[in-house]
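The following pair of complexes shares a single chain, subunit A, combined with subunit B in the former and subunit C in the latter.
And now, the complex of A and B:
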């Protein structure tokens, strides 16, 4: 076969490169990009921290509560945290525009705190995390999630038992 | 004519990765080659014992970007064997699809680089352009061009819906004539043939002696393919033809890769036809891994990849040992380069599809 034919065909077809950054680049829907965090859904189970190979996710205890910290520049976009998160607290967006000035590097992080509260059942100091949805059937309603959030682990168990389901 | 010693590498224009060759030449003919490795040792064998079983799915994927599906797959298979996990049928098919998509892209890449080394730049760019279709497929289905993140312990992390199956079939249908066209060019184009036929020959006996694997072995007449000899994932339910050529030269190795890329497209279709319904992972939560040891192997684009894993009571492996395909193929270079012309060195080195990142890991 004569390569000239292909050569001419490619010439007629024109360039297949994208004029980025002067025009937007094609991004598929499933593109695994910047991690997003939804504090309201986080159960504080720390599964994401345990599966994160480079250690981009860290939890630490502060006087105010349990702090979730995630460094964008350490992340390798593997998607393990999203896969093993029992809720939709962690998700990967299709945003890959992560270039930034060196001066902004300490801002390339998510820092959010699951606060301590007093349990509405017994008054004990507890974390206002979302309840673990695994094995709960029928699933929690939004009202139940809010009710559970304000309870300590023991009171949560009691409330679940009253609900008539073993989690 | 006089004798010289030429150092090639570890940083050299003809080599994309750091490897050091000490080449003794007589005139412009190679007399002897000494290969020295170890310039990019990353200590992955140490790192893997410092991470837990799940983190290592990602670490193993980063050992080599071109075989980046085969490493976590073999690793997951070994862990699943230790834990006695049987992955769902749908996951087995999805693993095979991921494997073959990577194979098409990897083989086209190597064959493209051959055109570049021959000096046929427009063909090089054309092959890379065709490969780009597979890169787009990977990005659309898995979310990344190289590290597709398909595997996890107990199954796969991705799924395809009818819409994506349609997209995949559409892209494969467009790829078939393009790959056929490339095969025809490599089969007939005189400038390719002149630089590759009878160059870097590895005979059947030498291939057996060196224990070469993958396309390098199959181009020398050895009919060995893990997908057929020891089927994993869904390969026992697929019809996998093994391509074999006799000559063992650079051209044969390129042709084997092209034919395998073409076959991989058919295999993906076979998988999509037979794709069963059901879950994609064996269990919803992370399984506990008991102590034990296991060996698993799979057919990476570069050949047979073997993993040995030993677990104790700790969540971190005590030992992980690899036998990577390139390690054996490197050895054969000493034979292929004997009596070669200096100008053919880069072409011959490329023909084993060398992977330094996995060899030195």
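And now, the complex of A and C:
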């Protein structure tokens, strides 16, 4: 008699097939999908490159700065990079619409450069990366982050000491 | 339009409604194969709504789904089976393994990327991709197949 129950349920609720690709598909809230990268928050610590097992993330030193490269076509969506990122620079979205023609294979990537600048304190060539927030209490304000971004490591240390924290 | 052209056009419109799918496992961990089976067999996803049907013989296939990183051991067999599939065919690489090697990338035991050996048309990244993503890839493959026949 079980089939009668299912029959009635299907009559009431309609078919259980989801209508995709003819209509949008439901996506679970915590779906682990395409990685997003926010250059402004990246400290250049390269922790994500270390933990990425398939080597989807790579950093290269270029004359312009530190280049971040991430290839979606080898990422296994494990979420390790997001877990170990000290800022929220790298995060996983719930976007899974990634099927593409083979011509776009190498376009499925993120390529960004953290540029070199002259330190506003001493004038030395340094990376304009965000400061590492680990252990800094009270946390950086957005203004402080922008200020630290323009300093070299030695001047950052000095600024932090003047602020009265040890990092 | 001549009679011949009309018949060809009609036949093409009919054929594009029922592509047959053949699945090649090129050394996959089975994750992508489970998702491919899910895509076809579970009423919730049901790829047959697109007119597709899985077939057991490579000689009947129109769309080929390849999973796995092309392990050294399976490579020759995969190439032999692939050569048996009649043209025109459309190849879909399912999962990051055939596309780049994925988690097995740069291993001595795999020959990924598969597109060094076979002409691939559509990539569906994911490890494994969710069934809806595979359906999306198959839909793109059908669009390409429509151009080819």
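The working rule: the second predicted complex is superposed on the first by the 153 of 167 C-alpha atoms of A that agree within 3 Å, B and C clash if a C-alpha of one lies under 4 Å from a C-alpha of the other, contacts with A are read in each partner's own complex, and residues count from 1 in each chain.
Just so it is clear, contacts are C-beta pairs under 8 Å (C-beta built on N, C-alpha and C of every residue); 3 or more make two chains touch, one makes a residue touch a chain.
All of these numbers come straight from a predicted model, not from anything done at the bench.
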item	value
Touching partner for A:53 - first (subunit B), second (subunit C), both, neither	both
Touched partner set for A:127, first subunit B, second subunit C, both or neither	neither
First, second, both or neither for A:101, with subunit B first and subunit C second	second
Touching partner for A:16 - first (subunit B), second (subunit C), both, neither	both
First (subunit B), second (subunit C), both or neither touched by A:30	first
Contacts of A:81 with subunit B and subunit C, given as first, second, both or neither	neither
Partner chain(s) touched by A:160 [first = subunit B, second = subunit C, both, neither]	neither
Touching partner for A:66 - first (subunit B), second (subunit C), both, neither	neither
Subunit C-contacting residues of subunit A that also contact subunit B	16, 31, 53-54, 76-77
Touching residues on subunit C, where the partner in the complex is subunit A	43-46, 49-50, 93, 96, 99-103, 105-106, 115, 120-127, 129-130, 132-133, 135-137, 139-140, 144
Complex contacts: residues of subunit A adjacent to subunit C	15-18, 20-21, 25, 31, 53-55, 71-77, 96-102, 105, 108
Complex contact set, residues of subunit A against subunit B	1, 3, 6-7, 10, 16, 28-32, 47, 50-54, 76-80, 83-84, 92, 134
Contact footprint of subunit A on subunit B as seen in their complex	51-52, 54-59, 61-62, 122-123, 126, 129, 132, 136, 139-144, 147, 149, 152, 157, 181, 184-185, 188-189, 284-286
